[in-house]
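These are the structures, in structure tokens.
First subunit A sits with subunit B, and in the next complex the same chain sits with subunit C.
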Partner chain A sequence: MAPPVKVPLPPRNAQTFSTVCQFCIVGCGYKVYKWPVGRDGVAEANALGVDFRQPQAAFGKWVAPSMHAVITERDGKQFNIAIVPDDACSVNSGLSSVRGGGLAATLYAPDRPTKARLTTPLLAQGDGQKAVSWDEAVGLGAAIIKAVTDRWGADAVGMKFFDHGGGGGGFENNWAVGRLFFSGIGTRSASIHNRPAYNSEVHAAGDAGIAALTNAYVDAQLADTILVVGANPYETQTNYFLNHMVKNLSGDALSLKRGAFGAEAVEKGRMIVVDPRRTMTVAAAEAAAGKERVLHLAIEPGSDIWLLNGIARIILERNWHDGAFISQRTETQTFEAYQRSSLMMDRPRNEMLGEAAQRTGISIADMEKAAQWIAAPKADGSPRRCLMHYEKGLIWGFKNYENVAAIVDLALLTGSLGKPGSGVSRLGGHQEGYVRPPYPGGRPALNVDEAVRRGAVKLYWVGGCNPLLTTLRAGAMEVAFKERGGLVTASLRASQGKPIGERVAGVVEALKQGGMFLMVQDIYSTASSAYAHLVLPAAGWGETNLTSINGERRLRLYQRFMDPPGDAKPDWAIMALFAKKLHEFYRAEGNSLLANRFLDFDWASDEDVFIQARYAFKGTAADPIEGYAGVTYDLLRRLGPNGIQTPTRIVNNVVVGTARLYEDGKFATPSGKARFITASPPYPGYAAKVEAQRKRYRFWINNGRSNHIWQTVYHHRFLDFFNERMPIPHLEMHPDDAKELQIAAGDVVEIANDVGRVEAMAYPTDAVKRGHTFLIFGQPRGAAGELVSDHVDPATTIPYYKGAWADVRRIGPRPELTKTVSFLPQNVAE
Partner chain B sequence: MNPRRAFAFLLVTLLLAGWSPTHSRDAAEVVAGAQLAGADLRGVNLAGKVLDGIVLSGANLSGANLRGASLKGADLREAYLRDSNLSGADLRGANLGKADLTRADLSSANLERAMALLADFASARLTDLKASGSWLSGARLAKANLERANLAGANLQSADLTQAVLKRANLVGVEFGATKPGERRPAAAYLHGADLTDADLSDANLTSVNLRQADLRRAKLLRARLLHADLTWAKATEADFSEAALQGARLEVAVFGKALLRKANLSLARAAGADFSDSDLTDARLVHADFSQAEFSRAKVDGVRLDETNLAAARNVPASMGRSP
Partner chain C sequence: MTGQEDEAGCGHRRTASVDRRKVLQWGGAVGLAATGAVPKVSLAQEVTPAVAEKGFPVFEVAPLAKIEVGSEIAFQYPDADSPAVLLRLDRPAEGGIGPGQSIVAYSILCTHKGCPVAFKRSHNMLLCGCHWSSFDPAKAGRMVIGQASEPLPQIALEVSNGVVRAVGVAGLIYGRHTNIR
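This part shows the complex of A and B:
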């Protein structure tokens, strides 16, 4: 038996910081306690205010081992850090997810696995990379940027950067990145972390005049019905689900509902989940609400438009739509077009619904039930309140624009906007920090992945992301890094020790031959950084102040509580170094026009960046969610874990937030009225390359996240707790399919198609239908992107990440990998 | 001249000459059935005349003098009554649907149980109006002066009362609000910037009503239903909200100095930056409400119910609310 782990308690005089989890979009509030090693609190007197001599409730306040770490500051002093969920935060009310509960374990420490953090700039040399000073790194990098821009134009400088909030960026870092690349360099070859272009994932919502995040989290407690399309909130927005949705489903929010709505009929909530898998969300919802109040629609891939429009057709024909909302809040001509095109009103009802049922695999009866739960008047005749959520199953489905349009249209049809208990919003993945000057390109945006492979991008700067794991057709990207990058590597090797001018000239010659200079800015070495010529170490969460919003636009300050490791710097400071150097170069050659593009990077602190962005960031009318007029760090410090919901406005010198968008009934269109966005029949079939895969391969390879790991597991791959549970990605497949292929639980299998191959451990489960599978995405030891074709929605340049088909083959058991993994059913709850 | 127009001309001539339908029952019936729809009666002087039941729908009565006239049950639908004088007129049970009464003088007029759906009273003088039980839904009353008006039990759903003056008006039981919370349109009235000082709004339904920047000083709102109403930056000093239902209401930066909010239900209310100095919040419910940046100097908070209440950056919060100042 392992000895008990002792965790020190913070003393009463411990320093206290307010912060927010660095991971998912929910953004749970946490308190950070910091105190010198050896000056611990005691059971009866500690900063938590809990007397640990007494028995504690099961879910009481405590410091779990995963919530504690010892860190070493730059001056060598050691401190204890405890990071515990904040019960004063309305988002999580003291709950932590399995990810947030381990925040302390992700902190840099020279004597723990996180010592793998990047601590100094690295320059390709010989067969590897050597540490260099910031002066040398910035001098060489900026000189190559200038040489590329001068010779090939700004678009030859490509970038793929985070647009996250939380640990991935924040307002400050995003602003700095945008200032350098957009208003500085002026490149259109920009792309956002997980996709090949610089584009919204919800263009259709924007065109309708509706932002991505419309509701307050409390609306999930007030709704009559929560519709979740292509999302799995229990695993990926855990505490939004547990602290808000479950309270509604279980009836715990009934008194709140009664209070909110007076005499209106209220009852405990219902949930509709549209997902090909029977996820943990479905199981947990059934456990909370009862099976009779949860409707799981196990949809076939690529048929979302049919399902949502089929449900809408039923609502319209049963007269359950909100006529007053439509006539007063929408452009009526778009409603007419919507009825004609999307709802196919010229086709007989049974014919349209019959085809919808055949394509979606959902019976007409279930569509009728969904329509009723979404829009049928309640027992007292009052309109039903429906909160609609969607995420990657729809966004990364086929096809992005019309998928998103279909759910936004459904919300408009039912008036599910601007009222308590309603909304149509992304559930989201990461937190949001999109605060940047305008992208200089048009729409659809340039496909940067394609430009990298083609050779049009001469310098590629990757920041806070890992395209070799998350991009589509990842194998081809790796070939480009290897082959095009190899030419530059050889040049740098040849010019080692020579003056910088000669080195830059050598690199330019390599670029002329088809080479590409690769810069990677990150907190750890990654698969991408292994190919980089210049690696720039960034500060992470807790090592710099940053601000972000969560899925209900709640803006908070994530306070700095420790030093970054070694010479690592915040991303905004790195951007400033390069901008100042470029300014210096252009000024030296008398080019004031270009020199002036790199002015105003003299930020002394993170708050300087925040304030500059606050004044300069205009956002767009369709996407006002990050506007933060009047907000200061001081205000955010005082507002603490609940912060303020954006957009903010100043009323009589007070900064006032926005709990819920569109309460004034005005939408972000020139007319102020929302627009229905039509999908023209026949709804689009699969593109040729996708159709070819479908016909050739047996299994649909769906992909997504899992509860206990985050994104590309950039932190978690260093932590035993997570590695033990996910040493390699798992592939969910139906037990009958597994049996037919003689695959047992834990067997390593090969998943292969015309794009690439991935190895994974098999996890037979009836969560997926026969012929369907589900693969964890972005895992360093096997990325779903290796299998995804480079097809993108031509309207939005958004890939069909959810659309890969492949064959599965048993390789054999590897007990050393799977001995710590459980293969028990996960999609059950009591 | 067609026969209808000829009759109208004759009738008006008689009326102007001093003839009154009250002289005989038959004459009254003649007037009651008189079809003057669409007649051009601009500037006509019918002060004090008895015109009960008269049909003047679509008639042009701009600038007409109808002071003290009896128009009970008259059909004035879509009539043009701009700048007309209807002071003291008896319009009980009349139908003024879509009538244009811009700048008209209806002071001390009687509109009890009248219908005036979608009528336009913009900038009209409605002081001392008697309009209890009237049906004014969708009416435009922007900048109208309703001082001391009695609108008890009237229906003003969807009415536009922007910058209207309702000082000392009796608004007891008025139906301003949406039928259901959250329905701002089409049902809820619009009272943006209205002057409701000293008005009595007790038991009124103001659900989802827009009262932004409204002046509610000393107004009585006992038991009023203000669910999801918008009182952003409203002035409510010394107003009485006792037992009022303010769930989900927007009270940001509103001023409640010395206001009575005893037993008021402020659950889910959004009151960031609001001023509750010297207010009485005894036994009020503040569950799930946002009171960040609010001011509570000397507020009485005994028995206040808190749960998930956001008091971040609030000032002078009494210790009994769980926070030190």
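This part shows the complex of A and C:
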């Protein structure tokens, strides 16, 4: 193909749409321009309002090649699409990131690599899968669902689905999924896209009466100190970091602070980063604020509880805690228990802190410094404003419940809630948009991965995720798919061409023999869908209207601007097809009780689903953040890129949002007071199988996401820009460790332990300490989950994904694979 | 897609980097002479017909003999509004020319939001001070880490009669919809 001569400009009369990036939690605003091929704007007159005959100043508007694509609609008409960051959005103020800047490149087009999208339902046939109509797919799938529930009960239907916002999720799709599985089928064998069960990742925060997302992004500009635990916002919450945190660190937000706080002493922000690695976040924060205003605490694995409680103990003993907040806003007896248990007040200070220092690898002096930056009164005696953030380092660390409790307790101790410049929140991964009928199961939730492996789940429906990739003990899951799925495949092969009743009966026979019927609903084929008996093609971002919230609960409409590929349908519409079919089956049998569970799926549009969910879901006391009373698509269209922050309420007929939670001092507990959540001493030690690994293998295989790729690389594996950067997952290791093992940059290495093995490309860097490594998580060409034991936190069923130990062995160079890869350091900012 | 080709017979050693990327952004047919903006420019066809076809100017950056390891030479290409830098690295580079294929040139306008990048010798990278995107000059300007969604545009170089000349650009320069305006 001849190279393009230029990036076409949208003409003045291009159609414009307002949307939000489909990727990370930050939810940056983007503008979409659409115009017919051949009707381009010109340099001096275009929809961007920029004269491209003149040089552009920095921070100007530009359509980078990655921001443009030619798409083909269902009727064959071709359009140009340009997707550029929106200056008018307060989240990103016109900034893109490496991921959002390439939104256009991810759009479906029949003549680009994204043509790999699923375009039609597929049914297992022979050794492969063949295209079938929606009628056939739904008819067979629903009949098997019914047969399974009739024979084995609802829990034999297992599901693992997205629960998020942004691309593929959103209030509409989440509601429809919840309606079908929870109030419809009624299964408890449910699990969320990245973990084995249907559970909150922050039960401890919920038990304390505190939601996951408490602050407004502007609080990162107003805080005196930002505490970041187990997160890497430069890379994975990029424009929250660049457009808010950095402004604070660099002093650019000083006038904002003065305006907000009047005479109160203000200065440039400080940042504390708790991370085993010296990440780009640390380097960039130092470049923005100066090294003396950034404290990097390079923590040893499994010791977060010690660190956070050690810091808390210093704060309490120095009398830097917020006594008024504690007495008025928290349940007193929980504070007493917290001091006794979590802070070990009966142990001498130096003994407790000494053990904390030994376990965390962080000196008492650094803990003192952290305590001071978090809570010491400011120069004028006014209380310090600290914004606390945490993410997977804590959530998927050891151990989920007490880890999250420790940071929430620290926020309560210091009164860091409900006032400008404070909060305790997840930094988040994907966006949110959770609205579902209640999950019928209890807590701790049933471990569905285990139920799949064991055989209790007879039909497994996977939506918008890949359980062979983002799970623990991934290899064992694949064996289950292959062996249990294989029995059903054989039966389908035998019944080819027979009437549907016979085919279903054949499948049920296979299920009785230990088989499992696998359905996968997704936008692309995946390792999981390769084993599926039924594949359902879903519409993606931009192909249906959807609504979601970001990390400050900002709700917006992501407008549809193009057709889904082929016969693909929005997830909510797929759910409705199955619900209606099940309704029909049960009615035909005269079973009105079950038939009625599948009523009210007659949605004519995405907005119908949104509105139904709004009425049904007002938010629960424990998690009110996603209630959106009074919000309509029309309102969101008018509000554009800044939307409205949930929860909303109606005052004098006007819908009012909530910038920051708990300004009224009322928490989500029956008493309205927050609760300290106690970790009982001795703090939990490693579970036996984790401890055995840790003792046996040389390297800690820490793992997580990176700047360049989004989650499982589902889009980015098709794009050169990303593939060239990271053709296979990389393993960061200390240069001295690499040298000892004669491993050079770019060498392919084998990482192996008692659970499995993975190949990766070595990336020596002093970002990691000796004995530590860091592996990219969720990469289809080498899943960290292959190495992770199936240990979960017994209190929450949350995995210890960060807790794998393994040996590393050099395989050798693969220059054809790594020649496009740069091995320069990824944590240099000055 | 080797880093370098010999064009036997015409005495030109010329980078192949401009053929490297799947998405190439060749300028239109507007000759630079029309802008009259840059001195020392002749129309490309006088030297290399292949480049002239694409409408890029030829710009003499510096005599090869004067470019030492560690040299950094600022220039503008393909017009006066487009700041660029020529580097001689201490290592071979994709698309490099000269001794050990170590000479490369790039637009210095960051492909994120257009701030100027600077060469950090200690790390052999081109680093942007605005949001800290970094680019590897030995790897055709691919991003090391950062928030740009395009590599840094690489300026194709060739050596002719002992002089290093800029003859084209791979990748779209920040702020433009076409490289040759």
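Heads up, the rule we're going with is that the second predicted complex is superposed on the first by the 824 of 830 C-alpha atoms of A that agree within 3 Å, B and C clash if a C-alpha of one lies under 4 Å from a C-alpha of the other, contacts with A are read in each partner's own complex, and residues count from 1 in each chain.
Following the convention adopted for this analysis, contacts are C-beta pairs under 8 Å (C-beta built on N, C-alpha and C of every residue); 3 or more make two chains touch, one makes a residue touch a chain.
What you are looking at is a predicted structure, and each value in this text was computed from that prediction instead of being measured.
When the shared chain is aligned, subunit B comes close enough to touch A:644, but subunit C does not. In the superposed pair of complexes, A:256 makes contact with subunit B only, with no contact to subunit C.
In the superposed model, A:242 makes contact with subunit C only, not with subunit B. When the shared chain is aligned, subunit B comes close enough to touch A:382, but subunit C does not.
By the touch criterion stated above, A:101 is placed in contact with subunit C alone, subunit B being left untouched. Shared-chain residue A:635: touches subunit B; no touch with subunit C.
When subunit B and subunit C are set side by side, the one touching more residues of subunit A is C.
Of all the residues in subunit A, the ones that touch subunit C in their complex are 3-9, 43, 52-53, 55-60, 62-67, 95-98, 100-102, 105, 234-235, 238, 242, 280, 283-284, 287, 707-708, 720-721, 724-725, 820-822, 824-830. Residues 21-28, 81-82, 109-116, 120, 123-125, 127, 129-132, 134, 136, 138-139, 142-151, 171-172, 174-179, 181 of subunit C are the ones that touch subunit A when the two sit in their complex.
For subunit B in complex with subunit A, the touching residues are 179-186, 207, 225, 227-228, 230, 232-233, 245, 247-248, 250, 252-253, 265, 267-268, 270, 272-273, 285, 287-288, 290, 292-293, 308, 310, 312-313. Considering their complex, residues 90, 93, 218, 256, 259-262, 264, 324, 328-329, 382-383, 385, 418-422, 635, 638-642, 644, 651-652, 654-657, 659, 663-665 of subunit A touch subunit B.
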